[in-house]
Amino acid sequence: MAQLPDRLLEGYAEFKKGRFPTEQGRYEKLAEKGQSPNIMLVGCCDSRAAPEIIFDSGPGEIFVMRNVANIVPHKSSQDDGIHGTTAALEFAVNGLKVEHIVIMGHGRCGGVKSYISAGDSEPLSESNYIGKWSGQLQAADNPIRYKALNRPDLDHGGLLERSSIIHSLENLYSYDFVKTRVLEGNLTLHGAWFDISTGELEYYEEEQGTFLKV
Amino acid sequence: MAQLPDRLLEGYAEFKKGRFPTEQGRYEKLAEKGQSPNIMLVGCCDSRAAPEIIFDSGPGEIFVMRNVANIVPHKSSQDDGIHGTTAALEFAVNGLKVEHIVIMGHGRCGGVKSYISAGDSEPLSESNYIGKWSGQLQAADNPIRYKALNRPDLDHGGLLERSSIIHSLENLYSYDFVKTRVLEGNLTLHGAWFDISTGELEYYEEEQGTFLKV
Amino acid sequence: MAQLPDRLLEGYAEFKKGRFPTEQGRYEKLAEKGQSPNIMLVGCCDSRAAPEIIFDSGPGEIFVMRNVANIVPHKSSQDDGIHGTTAALEFAVNGLKVEHIVIMGHGRCGGVKSYISAGDSEPLSESNYIGKWSGQLQAADNPIRYKALNRPDLDHGGLLERSSIIHSLENLYSYDFVKTRVLEGNLTLHGAWFDISTGELEYYEEEQGTFLKV
Amino acid sequence: MAQLPDRLLEGYAEFKKGRFPTEQGRYEKLAEKGQSPNIMLVGCCDSRAAPEIIFDSGPGEIFVMRNVANIVPHKSSQDDGIHGTTAALEFAVNGLKVEHIVIMGHGRCGGVKSYISAGDSEPLSESNYIGKWSGQLQAADNPIRYKALNRPDLDHGGLLERSSIIHSLENLYSYDFVKTRVLEGNLTLHGAWFDISTGELEYYEEEQGTFLKV
């Protein structure tokens, strides 16, 4: 049998009698009119970093793409084949016309760790999908970038978690449809980093080129 | 300036003084020990279908991949290049050793709609990323499959939303590392569909080959 | 006839009776013992930015690679074929054991200009060698990088001239033989920018992530 | 810290108070009007062979490409990938419309030596960039060519240093944009060889097919 896992069934029952009734009108309206979120968030799959929880958001507010290590690939790797992150990006920007894109990373990121320790371990499968995917972090794993962060309090993982967010922000500009809307003033890009241990949140401050506490 | 959008800052403040204090111990423990969710969920980016809300789950419970229309691509399209969904899958199954994978679709799915109306409109960008991505639904858009669903109550969109979930479940078997663990009895696959209008939830019942209400 | 251009012959006569006699001993010694410069400089071909003039250096002091726009390509583009800049880099670091590498850019750089105006003009030849070469600047031509420079006094060209130097510094780390020596403390990397109009010199200050006047 | 190396800072201070003031007007004019050198020189990176010193040239006079062993690759090796020397060549000939190209070699060339001794030693790195680059000298390392030089005074290195210059001159003709301008009479090609020990200069005399003292 493949009914749903018990934990999900219990949680759903909770949602149905707890939160849903108070938001029912909103769900109905959103079903009728369609979604029109003005924020897209690219987050990590990590079970400890749920955007809707951290930002206490309701239905209809955030269009959420989640992949391992919250990476926006550079356009040059997306020309052939089918690509989910880029598809979501195109849909959000050109379809939904979101006004903000937030790249959100977080502490103790397993995807970042798997990149850092890649040399010490076997690929997780023969195809090495995660190796190829997290291999994108290489462009961000660079002492010049780390020095520019000017955050001597951080270890390698902490530096790469942040440097990688900046790199994804840069990569967003590789897509003409993003770049155009940013230059027109209709789209703003943001970087955020969530500390899963303390609950603290940092954001990317562009002019200092580093992350500051909210 | 690119501080975070106001709505997110407000929501974060709410989280920080509301939910976080009650779950702080749990966040700290998860930071220390690492995540070990036993469920992976592949959901849609849609702003109305947040898995952690619908399943009322806490930090550390669900590893969540989200892409447009909650699609698991067939292995044959993933051999070249870098691919986020498959990377997340490999990480969850072979790295985190999750015991369940849930493909969760939902009603009024924009990705499904964009596939159905693709002939009637221009691509969203020259690269047509979303067109290529949602083009994967074609294998599920089939009268034989619709008849097997035996759901005369559904329109084209409703049928494809469900048929596509079944197709993604089939695609999971194209990956040896998934197939092996399912056959060993260490991994169970599930399909779910959420009605954003009524809050109802359906699950995929394998033997009847269709979706039933929870 | 292809004797040398008159201007060069005149200049050489000047060198032979002016500077050479005072440095003859040094040239002889260097011929006998071989060169052992401790600085490698990657500069631009530009006729207004001669490193030995700007740094008033004598024979044997600087190993000088010059290409258009003083670019160090990323390793990933150098695996196939033959590549002069990378060959010079390997020779300097592993053969000559230089202790410093300086990437030196300059104002009004024609290579940078040609990249910026590439859309407005025909390629210079069918093969578009300069277009492909200066196309490497794309990774540095990014608003996120420009904002991090925090130099509102600069126009697009001035920003890219500097951002490109930082990018070349990052690219140096893509070569294991460079990275290793830097981490061992045997090699230091530097960025410099020369203003051909005023003679001013700027250097890259790593922690602020920007260029400051010497 | 990565300020500039002390030797460069001292040299720059010398330049700023010595040579710069006397040439300031020229630098300013060149900044305003852009460079228009009528000579391109392809030289070696060697620290003892600075073209601007040897030819006592001022700012704006020579467009200088420098690589190891002053090689112009044959077109056939330049069709794929990105190539700095060819980019500089295209820029000089078709962009700047230089009227002369000088290939300048020199004595005791480390690049030539590394080619000759390649069989006796390990590659300088796993990638063997310098080995691949100086491997281009093979086409010039030929007894027929050495006999035609008719220079019994020279050893293997001395012969190859000159033979290689002739080979690079030949290679220049593999580029249509060079060949065309030479045949039109708008571009002249030259070979030069500098003796770093004695300061002597030789030039390539086409009809005798060898190098003669200036």
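In order of appearance the chains are A, B, C and D, and numbering begins at 1 in each one.
Assume contacts are C-beta pairs under 8 Å (C-beta built on N, C-alpha and C of every residue); 3 or more make two chains touch, one makes a residue touch a chain.
None of these values were measured; they are calculated from a predicted model.
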item	value
Required steps from chain B to chain C (each step between touching chains, minimum)	2
Fewest hops from chain B to chain D - one hop per pair of touching chains	3
Option in A-B or A-C whose residue-number contact pairs overlap C-D by over half	A-B
Taking each chain's C-alpha mean as its centre, the one farthest from chain D	B
Where chain A and chain C are represented by their mean Cα positions, the distance between them in whole Å	37
Mean-CA-position distance for chain D and chain A (Å)	50
Separation of mean Cα positions, chain B and chain A [Å, integer]	15
Residue numbers of chain B (touch at least two other chains)	none
Arrangement of touching chains [line / ring / star / complete / other]	line
Interchain pairs in contact, sorted by label	A-B, A-C, C-D
Complex contact set, residues of chain A against chain B	1-5, 7-9, 11-12, 14-16, 18-20, 24, 27-28, 30-32, 34-35, 37-40, 45-48, 50-57, 59-68, 71, 73, 75, 77-92, 94-96, 99-100, 102, 107-108, 110-111, 114, 124-127, 129-130, 132-136, 175-177, 188-192, 195-199, 201, 203-206, 214
Partner chain C, residues of chain A touching it in the complex	142-145, 147-148, 150, 166, 169-170, 173, 182, 189, 206-209
